[in-house]
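Attaching a single structure in structure tokens format; questions to follow.
Labels run A, B, C and D following the written order; every chain starts at residue 1.
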Amino acid sequence: QPPEWAKPNNNGNTDDIKIGLSISTLNNPFFVALKDGVVAEAEKQGIEVVIVDAQDDSAKQSNDVDDLIQQGVNALLINPTDSAAISNVVQTANSLGIPVITLDRSADQGEVEALVASDNVKGGEMAAQYIIEQLGEGAKVIELEGVAGASATRERGQGFHNIADEKLDVVAKQPADFDRTKGLNVMENLLQGNPDAEAVFAHNDEMALGALEAIQSSGRDVIVVGFDGNEDAIKSINAGGLTASVAQQPALIGELAVQAAADVLQGNEVEEMIAAPLKLVTKE
Amino acid sequence: MTSVKETSNKKGLQLSQLAGKLGPLLGLILLIVIVTIMNPGFLEPLNILNLLRQVSINALLAFGMTFVILTGGIDLSVGSILALSSAIVANLMLSGLDPILAIIVGVLLGGIMGMMNGLMITKGKMAPFIATLASMTIFRGLTLVYTNGNPITGLGDSMAFQLFGRGYFLGIPVPAITMMITFAILWVILHKTSFGRKTYAIGGNEKAALVSGIKVDRVKIMIYSLAGMMAALAGAILTSRLNSAQPTAGESYELDAIAAVVLGGTSLTGGRGLIVGTLIGALIIGVLNNGLNLLGVSSFYQMVVKGVVIVIAVLIDRKKSA
Amino acid sequence: MTSVKETSNKKGLQLSQLAGKLGPLLGLILLIVIVTIMNPGFLEPLNILNLLRQVSINALLAFGMTFVILTGGIDLSVGSILALSSAIVANLMLSGLDPILAIIVGVLLGGIMGMMNGLMITKGKMAPFIATLASMTIFRGLTLVYTNGNPITGLGDSMAFQLFGRGYFLGIPVPAITMMITFAILWVILHKTSFGRKTYAIGGNEKAALVSGIKVDRVKIMIYSLAGMMAALAGAILTSRLNSAQPTAGESYELDAIAAVVLGGTSLTGGRGLIVGTLIGALIIGVLNNGLNLLGVSSFYQMVVKGVVIVIAVLIDRKKSA
Amino acid sequence: MHIQMKGIHKAFGTNQVLTGVDFDLVEGEVHALMGENGAGKSTLMNILIGLHPRNEGTILIDGKETYFSNPKEAEQFGIAFIHQELNIWPDMTVLENLFIGKELTSKAGFLNTKQMKALAKSQFEKLAVSIPLDQDAGECSVGQQQMIEIAKALMTNAKVIVMDEPTAALTEREIEKLFAVINSLRKQGVSIVYISHRMEEIFTICDRITVMRDGKTVDTKPIPDTSFEEVVRKMVGRELTERYPARNPKPGEVVLEVKNIGRKDAFDNVSFSVRSGEIVGFSGLMGAGRTEIMRALFGLDSLHSGEMWVRGKKVNIRKPDDAVKHGIGFITEDRKDEGLVLDFSIRENMVLPNLFSFSGKAGLISSKKEKDFVDTLIKRLLIKTESSETAARNLSGGNQQKVVIAKWVGIGPSVLILDEPTRGVDVGAKREIYQLMNELTDRGVAIIMVSSELPEVLGMSDRIIVVHEGQISGELSREEATQEKIMTLATGGQ
């Protein structure tokens, strides 16, 4: 606990509500959309938002949240870089009586008012299911994983393997860090090593789009299923590139989180888990 | 000195020079043999073509880096220049500029960014490491500001632009052709012109170069501009390959480029090295990446292997020259 | 040389030395004034305490880096050492080892990793840049292999361990206390012992140091070990703060540490600089990060500002010494 | 070409280096420029060729005011400069070195190697040097490198050549060759500015002399009208007695003995011994291997064969710190490169080899002990400085050399190796160094002195060992030694 003399005296005017948003990284369209959702909804409700960007560094994120608390925010919206690493920050906020809502990823410890996220395990299962529908059981699949250790990676992988381990043949998996360039390079190499692959499941659309380039220039016929449903991916699906994407609604996650925060600040109860619906996008 | 000594000296010299040139090449061949034995698929034509295309971006960055390192400098900003110029090129294309023209503008802009490095280093007397560390941060920040963190997409389907990163010409990937042409031009500049001589002279003994009337500052500024242009060229290829400009493109590419230069036998203290070594160094890294993937080595172990290969290569190089 | 000349020389020297010492401090004060004017909240006690805690990790890395840079070297691997030792410490704790003991073991292991850098650089005659570039990759790869890419959690609730990264002692954050104690010890070593003198001598003129009978290799190995120990110590603090070991922890921390050293006025060519400068340099970076956050500057612009501040600081420093 | 420099002023920052120097060079003369270390000779010439801008003063060339903005312009105008510091690229070939910054190119802009080779060959023939053009310059001895520099300057077909201590690294033979070249150039009407600290050379080759002191011209005179004593007096501003102080050696026991030591490609079968209180001179042609023998003795290079004894005990020296432990000190050829940490103060430099003796129990350096020690040495060695905190960088060459010697005096050495101890040091300082050597031997130190200056070897050594192509070709006592005998041994004759 910080010493008493150092604690901020929150006797400023409580009329204007101010919330802090700590984002894991803004170098990714998904989180940019999520942030935009928060900003739009906050504007609608007349709430001020202060945004900090951890650039995928857990330590920076705890510094960032310290700085947000310093600015006297009434509530914290946190999109953790890592679920374990964020725990202390949440506990600090708890001790100061600042309510916390996490977005997209959970916090392992500490009291969180609500988690607003897609059900990533379910999303992984949806992807596996879709591939089975398209190619039948036993199809040979390559899995492109997200940033190692990220909850999205773990959960999507978990969901995917829940089904794929029994009904599909996962011939290779490699992380490509949610990054399009890496998706391209990793895929090029994996294709060479696994010429008989029939499908790819990528933990997000950026990697899926990279993989797609690799597949197209190899002239092979492989279906690609992504995750996120971002603008580019949907365009590609409609143009006959990507086969499908498990669409999240990042902006909605942002909106729901602001609503939850407003509720909490007004003293209302909120659901512990607020799920933003997932939707499988394919070419219609 | 007796003539006997001289001859033995000279022979030793030539042999070690030869070894210096051949060392990286032998390493590359060894690597290819190992990978092929473990997975014969490696030598399939398509894989080789892929490999060449994959290598081209790092090779271009490393070519520019070779000049920089030969002068005793370093350029950490190439990855950021790649990203910023790529974003600008993409935006120019979106606003209707002809893709080839956009690429040319992009390369020139890359040159200007490189020139800023050069100015900080010469006129500002900043250490190259710290100057380019700063500009790496600045250019990356500007890229993110410029793109708002989002990729720039919808670049249309100009045939020329698509070919630039993805196409084939006479059965060879266009990026590989770009790489080879660039290599040839830079080889001539480095080894057959007085500009190349000056590059070596500055790295070998900067004070003496100055006293000998070489316009050290000007040569350096031109070299950092060249490195910037190479980065922008690599960026244009990447933009075409990804059919979009990525704000995070090129992150930590400088390290691979530096590794290629060093694996190619160029000394980080400047004055010694060959651009053909850099080409081989880039190929070594490419074969390693590609080969380890083919062999199904996990990406975690890949990092370890890459680091160990660098250490071994450099140690062998040191042994030889000792 | 007449005595008149000498005096003027000496005064010039002292003045510029003073400016060299004060420059970074003035910069820091200026920065604090600006931030405070724009947001008076900056000076609130809790914020200052936060700031100190935030700074401590970078400062510890930068202290070790100061010794390395004073010898004319560089250590790119500190971030990876931080991560690997942090993972090992976490695992030791999971397997029931006393946390304080685990931290000590971790610091020793960090020292061994640093020693490996030192051995490559001295016995292997590798350039520090390339040796630590390789070990940066290797240690990061090993961390990922060791953790399988997952954070290590469930470290229990040993009070001592929690205090180490998060606690307060006499109202001051424990990491800040650790930082200050370490600073005091290293200051004495650098300025009051023959080891410190040797550090400067090696950076000032390695050949002369060797001829003077200094065991250059041994001193260097010890210095890289020290840098490794500092990284592991920083890693332990981070592990406690994050209540987990993160496989990606410390990525690109080496750059902030180097920036702190350079902002503190230490020359990258070695032989010249002060560890108190490094402390100030780390504070400058800390105030920038914290202040820009308080001012609500977007992270993208923050990057640009940080880069520009480095350039300006170094340029002013150069002007002074010219 | 006729060059007149009038009232030249120059300051580096607050350091006023030149205060109204006049200098005049007429066609076809060899003009000596002399003065103590730091008098401003190099600076004056650097101003002439545009390497440094002047603060005040005029430069007339053939009566017309002419100023160059960089050395290249001066060269194109016909003024070449052989710099005091060697400008050599060790990793580049001799040929590349010869044409750095002025490569010959074809019309298309590509290097014309053939033409450059031909030109270099003919120049080397004129100088009678036989260095292969495609050898790396770093493989050449210092003397050969100096010859490359000279060839480089001559190739520009200059009408004026400034030679700033061209013979500092040459042995007598090369100096003779150089003098022959100078004589023939003079006949062709080329003028030469000849800067040197070697008095004999000045009187052998020069027509006129200008003496500088403290940034001012003291006097210009034709050589026949002046004398050795007059020049010295004008340089140092006081009377100097004989050049080499008298020695009365009392050799004691053998302190250092080496038997059959060898190192591949450098030297072999070298045996000799040194007694306490004795100065043993090592003479030889450039590249004979003297420096390499000393480096190996001191543990800087490894020995491949042979044995060493210190005070009758067999020792194994693998690293310089082993040598230091056995009381051996080494003053290297190049003080800036291997002798001094230029950024360190005099104090810090002086205590470097024996830091341990200033550290207390806790390992902390006692600054008082340090200071007392250093102040004593500064006084004893007559080092001209205001305080022990002055940076070594700011000292003149002679005083720098004294600091290097002081470093080793401080460890209380048994054996001191001095490699070219007075290279580039002015007359006054030279004498002080010789006196110091005498003082040391009086106190029982054994000294090995490597020197390429024959008068110095003859003047200071008790015994002279001559090295030829990595082997000892003979030994002469002080009494029997003459220039001729040494030269015969040095060239391999009997």
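As a convention for this text, contacts are C-beta pairs under 8 Å (C-beta built on N, C-alpha and C of every residue); 3 or more make two chains touch, one makes a residue touch a chain.
If you're wondering where the values come from, they're calculated on a predicted model, not measured in any experiment.
The chain pair with more C-beta contacts between its two chains, of A-B and C-D, is C-D. Between chain A and chain B the centroid-to-centroid distance comes to 34 Å (mean Cα coordinates, whole Å).
One simple way to say how far apart two chains are is to compare their mean CA positions; for chain B and chain D this gives 43 Å. Rounded to a whole number, the gap between the C-alpha centres of chain B and chain C is 30 angstrom. Multi-chain contact residues of chain C (touching two or more other chains): 144, 149, 298-300. Among all residues of chain A, those that touch two or more other chains are 26, 148, 175. With touch defined as above, chain D holds no residue shared between interfaces to two or more other chains.
Looking at which chains touch one another, you get A-B, A-C, B-C, B-D, C-D.
Of all residues in chain A, only 26-29, 31-32, 148, 172, 174-175, 179-181, 184-186, 188-190, 192-193, 195, 206, 209-210, 213, 216-218, 231-232, 235 touch chain B in the complex they form.
Of all residues in chain D, those touching chain B in their complex are 51, 70-73, 75, 81, 83, 85-92, 96, 99-103, 105, 109-111, 132, 135-136, 139, 141, 144, 265, 287, 469. On the side of chain C, the complex with chain B involves touching residues 74, 120, 124-127, 129-131, 133-138, 140-142, 144-145, 148-149, 255, 258-259, 262, 267-269, 298-308, 310-311, 314-315, 318, 322. The touching residues of chain C, when paired with chain D in their complex, are 1-3, 5-10, 12-13, 188, 192-195, 197-198, 200-201, 204-205, 207-215, 271-272.
Taken together, the chain B residues at the contact with chain A in this complex read 39, 41-42, 44, 46-47, 50, 54, 144, 148-151, 153-154, 166, 238, 241-244, 246-249, 289-290, 293-296, 298-300.
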